[in-house]
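Just so it is clear, A, B, C and D label the chains in written order, and each chain counts residues from 1 on its own.
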Amino acid sequence: MATTVHEPPKIEPRRLPIEGSGNGGWRNLVPAGGDPRRVKDSSPPPASTGIWVALASITMTFAAFTSAMIVRQGTAPLVHITLPPILYLNTLLIIASSITLELSRKQIAAFMGAGRDKDHSAIPSRWLYVTLFLGLLFVAGQTFAWIQLKAQGIGLATNISYSFFYVLTVAHALHVFGGLGGLVRVIGKVHNSALRRSTLDATSRYWHFMGGLWVYLLLLLWMKL
Amino acid sequence: MAKIFAVTIILIAIASAIPIVMHMWPMPQDISTHGYLIDEQYTDTMWEAGLSFLASQFLLAFFIWKFSSPKPGDKIKSFPGGAKGLVIAAFLLVGTECLALGVFGVKAWASVYFTAPSANAMPIQVQAGQFAFYFRYPGPDGTFGPLHPDKISEANANFFGLDTTNDPDSKDDIVTAEMAIPVNREIHLLMHSKDVGHSFYVPELRVQQDFVPGLDVTLHFTATKIGKYEIVCTQLCGLGHYNMKAYLEVMSQEDYDAWIKQQAALQ
Amino acid sequence: MRNRHNLAVVLSAVVLVGCAALILSQGVNAAGEGKITGTVKLDGPAPHMKGIDMSKDPYCSKAHASDPAHYETYVAGANGGLANVVLYIDGWTGAAQASNAVLVFDQRNCMYTPHVLAMDTGESFKVQTSDQTAHNIHPNPNPMTGNIPWNQSQPPGSPPVEKSWKATEFIPVKCNIHPWMNGWFAVVKGPYATSDENGNFTINNVPPGNYTVTAWHEAAGTQTQKVTVAAGAAASANFTFKAK
Amino acid sequence: MHDMSTHAVPHGAPTSFIRKHVFSIDHKVIGKQYYALALLAALIGMVLSWIMRLHLGYGSLAIPGLHLLSKNGAPGDVMTPEYYLQLMTMHGTIMVFFVLTTAPFAAFGNFFLPIQTGAEDMPFPHFNMMSFWVTFTAFLVLVASFFTGTGPTLGGWTQYAPLSAIGDVGGPGEGLGVVLWAASIAIFCIGQLLGSLNFITTTLDMRCKGMSLMRLPLTAWAWFITSIMGLTAFAVLMPACLLLILDHVAGTSFFRPSNAVINDQVLPGSGGSTLLWQHLFWFFGHPEVYIAIVPGLGIVSHVLITNMRRPMLSHRVLIYSMGALALLSYMVYGHHMFVSGMNPVSSLAFSFPTLVITIPSTIVVLIWLGSLYGSRLRINSASLFALGFISMFISGGVSGFFLAQPSIDIMLHATYFVVGHFHLVMGVAAMFGIFAGTYFWFPKMTGRMMNETLGKVHFWMSFVGAYCIFMPFHYLGIAGNVRRYQAFTDDYLIPLIPVHKFITIAALFTGFAQLIFVYNLIHSRFWGKVAPNDNPWEGTSLEWSTATPPPHNNFGDKMPVVYHDPYQYSVEGASTDYVMQTSTEQLKNTDEEK
């Protein structure tokens, strides 16, 4: 959190230190009698609030898809389809990746907490690579499922169930790509000694959410189709 | 400036009320059995809405008039009762209003939607398509033949896609371009859309209902006054939307019998 | 011998092209051209054409108050002649025909006049309205032919719309505002004719040669006949359709 | 958009022209860019409405040069029915999305939310920049549909399926036009999601020292609430648009029904549902109405307070009411679908919350009126527009009573009554909010004052003109005049044509007034009177405590510290009649209201 390089406050003696956020913020309580000294100086970095906001909007998007399925089911019943079995393997992969990411986060937290956050180059990043690899495998597995279906002549327009299948899986995969981008960024920051805890936390929250979302989608597809 | 503004607001408020009070462009006359409920509901709402409209505009104008030219020593005064009073007032006034309108409104709504058509209601099927309505009467056998979308041929006057050679029920179905109904007889309208969304709106009958493609909606009503009325489409359906209409003829039973006979001969 | 043969072919081709050029420049009935005339008849009594209920649009029903409108699928004359049959030459390979008159597809009294408009590929035609009510013109060509569908309104007083078709096709055209209004654009290659009330037709501007004349009717189908056209003379072809 | 690690605060001032004015990450520049986009869109939308009004009042009138816009749409310069519908769709879409959403929310919000919270910038300035350029791209895509062969879509801004899903056979513009429309809206949603993300995080995390949530001005609260609504609403509209595009390009049947027949041909499609589109659309569509109007509530309160020289009767109640409006707006969307074939029981379920939504609206109006009482009202262009807003909001609001009841909606649905209702309440009222904000904040945004005389002329013409246009709409609706008709050929509509002529004249008149505004805006920007000081209106909130125009990091070399509630006007015992939030003066009753 404290590593962004700022100009030393030479000409701004009265300017309060800024570290990626204001000084009031989320935990800003009402100062009694207008005394700002009793306000906490720190508020959570924007990334940790921002990620919740982003996740809320993704939740709404997939809620919209879900309700579309339910309403559409009301007009014309969805057709039963068999999901490609590789999806179950993919599920294991994405769950495993969440676990490895959590391992990595613990490790890094322990590392930084030990007061060694001056020397970032030694941050352990092995589990991050494992997570990235598992994430890539997941996307590859999803692609394999699509190719498999395509080989059977099943496309987006085959029937409404497959339409929903493709829309949901592709939309999820695109979001997973966003998560992979975040992981790459975190790894890059580790190497540039510029990693902030909030960045790692936000990325891992997003990644876990993608995992949870996938399990939800799989259940949805499995139940409805 | 503020005083002129206040006067303008009052003038506009009064001018807005005049056409309503004078019935300059009134609702079309009601020719249905359930319409009076809607009309009563409408009148009640007009009273409540109209009074709140006038009251709040007048109050706004009055306050602007009164408080826009303060003298230097004037102090800020607080509204008697303060925010709490206003909130309670809003809850009480509007709350009761809403509750009353809501509860009474249910009655009018129920009269259209929650009553089943009576057993001897006359079934008529109406099909909406770009950009015309067509009507089907079941004929003497009282049954509609099935629809075959692939058989629709407007070029050959087969508007519904009936197969008169194979479907016995379709043989005596009567398809017309205008809708004639006997007066004081309940009509059970089966609504079917050929292509996109349309709507069935007869202001005089106090009915409006969308056609939903893929879903057959029904509606029932009784007309009480002989005459010729217009059925118009209110759901945007394409370039000819404004031109999509048909005529509804409410006839005496004898006239209707003669008319349906004549139509049957034309099939 | 062989060279001479080739020479003959080339020469005759040159002559033919020359003739074609001559025809194109001189217009109707240039020297050496023939024509095909004949009659199209309907076998048996004409099928009953349903009356049209135009009550949807008071303008239309008023226009037909004294003369009730009927569908025009079969329009048969007193002597059994069948109108609205399009006659053209199958497999025409000659040059495009010069348009000698402006083709007009009129919307009059909520009906299409003519009911069938024949035209050459690429030949332009005008769609106009004589009515005081709005129409839309919505031809529905097969997307595979390369003809592009369109759908355009013509409110009263609109200027005519000028269009043409690229590929040969019989294209149904409709007015969605007045669903009973239907007609055809018969897009053919080469010379063509449409039979009149009495079933008579004349295909002009046919160079001498052997041809297959095709007669097309929107409901009764197509028939073909082989004819030989001599220079300056009229060949004859008569067709008889059975109502379907 | 989900990578959250883009911290760029604080960033140094840009030096190149492009980074300063085009691809700027400064929220103030982005706010101005949004404003310019909204202005351009509003002008286009207004010209479209003129053309439509001329056609409605004088059916066969040739409008010179109209054929240049579309050869097929207006042969001989006379509009065809499809062209009317296409212009109508574009008018609605441009106005709702690119004016009413961008101007009060994205434009003013971007400029003033960080300043009012005491932040240096938004937390994710690059997302903020993207948000504008994405929105701009969406606008270009939408406008591009004018130049396709068959023109833009004619399906109305609600774009009801299946008309919007069946392709070109449904009418001109229903093929490519719809795809461009849906693509534009989907892109627009992305832009607004990025914006909302920044707004919410700014409000929660970036407040300066001493700025508790309750010390935020009402505008900041309004933008905060709006961005929460936007976050959920646009996140629903985007998938709906994607599904619509898929129906066109991939042959799916989300919205294409079985057995639809046009021109005697059965169209492909199976089981698609028109209700599906309506549910998805209105779940966005109704909150969208509040997205357009809630920032207006905030701006008007803010402007009024400054010009009344007193705080509102209750700061909290206003905030809670806006929150209640936002919450309820999700529960009432079904009132757009009373006659759509939805289950009649659910119509009732949607009707009650719709009626209930009048309670918070009434509270807001009563608080305004109650606060006017005993105030020391200053009349200027900004306060005139704010007061005009109240009048319009009342007029537009009461007609909601009618439409909230399904039984009356049977008569009034899809008539001009509805058009009058939403134009007054979310069109004119929201525009008045924008105008009030413009006259009020112009000195802060540009360092110059707007011409007051022209501003007042603009106000009088707009106020009277807007009533002349939209009040008669209600009468037409009561008489059964159906909306979205390009001409009135039904027997019962013909007697109403003189009313339409009157409305057309009023519309031209009112539109002319807007040109005065544009002139005033541009002239004042470059040659207007220089603002006398940083706080010409004697306001109290943070935007008035910084330089004019604000420096790149908003507050120069001194971060603000907040000691007071946002609206300390006419406080007893204070040295002046207003005490700025940053003032260190000790006040007796400085604590939060109970």
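Heads up, the rule we're going with is that a contact is a pair of C-beta atoms (placed from the backbone, for glycine too) under 8 Å apart; a residue touches a chain by one contact, two chains touch by 3 or more.
This one's a predicted model, so the numbers in the text were calculated from it and none came from an experiment.
**Student:** Among the chains, which is located farthest from chain A on the basis of C-alpha centroids?
**Tutor:** Relative to chain A, the chain with the farthest C-alpha centre is C.
**Student:** Distance-wise, how many Å sit between the C-alpha centres of chain A and chain B, to the nearest whole number?
**Tutor:** Distance between chain centres: 50 Å.
**Student:** Between chain C and chain D, what distance separates the C-alpha centroids? Give it in angstrom.
**Tutor:** Measuring from centre to centre gives 55 Å for this pair.
**Student:** Using the average of all C-alpha atoms in each chain as its centre, how far is it in Å between chain A and chain C?
**Tutor:** Roughly 66 Å separates the two chain centres.
**Student:** Pull out every residue in chain B that's touching 2 or more other chains.
**Tutor:** Residue numbers touching two or more other chains: 129-130, 154-155, 214-215, 238-240, 243, 245.
**Student:** Two or more other chains in contact with one residue: find those residues in chain D.
**Tutor:** Residues 80-82, 171-172, 258, 262, 264, 271-273, 275, 487, 489 of chain D each touch two or more of the other chains.
**Student:** Tell me, which residues of chain A touch at least two other chains?
**Tutor:** 75-76
**Student:** Which of the chains are touching one another, listed as pairs?
**Tutor:** Chain pairs that touch: A-B, A-D, B-C, B-D, C-D.
**Student:** Give the list of chain D residues in touch with chain C in this complex.
**Tutor:** That would be residues 60, 72, 75-76, 78, 80-82, 150, 168-169, 171-172, 262-265, 487, 489 of chain D.
**Student:** Considering only the defined contacts, which chain B positions touch chain D in the complex?
**Tutor:** These residues of chain B touch chain D: 1-2, 5, 8-9, 12, 15-16, 19-20, 24-28, 37-38, 41-42, 45-46, 48-50, 52-53, 56-57, 59-60, 63-64, 67-68, 70, 74-79, 82-84, 86-87, 89-91, 93-95, 97-99, 101-102, 105-109, 112-114, 129-130, 149-150, 152-155, 161, 194-197, 199, 201, 203, 206-215, 217, 230, 232-243, 245.
**Student:** Can you tell me which positions in chain D touch chain A when the two form their complex?
**Tutor:** Interface residues on chain D, with respect to chain A: 1-5, 7, 9-10, 117-120, 123-124, 193, 196-197, 200-201, 204-215, 231-232, 234-236, 238-240, 242-243, 246, 250-254, 258, 270-273, 275-276, 279-280, 283, 557-559, 561-564, 586, 590-592.
**Student:** Using the touch definition up top, name the residues of chain D that touch chain B in the complex.
**Tutor:** Chain D residues touching chain B: 80-82, 85, 154-156, 160-163, 166, 170-172, 174, 257-262, 264, 266-267, 271-275, 308-310, 312-314, 317, 339-341, 344, 347-348, 351-352, 355-356, 358-359, 362-363, 365-367, 369-379, 384, 387, 390-391, 394-395, 398-399, 401-402, 404-408, 410-411, 413-415, 456, 463-464, 467, 471-472, 475-476, 478-480, 482-492, 496, 499, 569-570.
**Student:** Report the residues of chain A in contact with chain D in the complex, numbered from low to high.
**Tutor:** Touching chain D from chain A are residues 4, 6, 11-12, 14-16, 18, 20-26, 28-31, 33-34, 36, 39, 43-47, 49-51, 53-54, 56-61, 63-65, 67-68, 71-72, 74-76, 156-157, 159-160, 163, 167, 171, 175, 178-179, 181-182, 185-186, 189, 196, 198-199, 202-203, 206.
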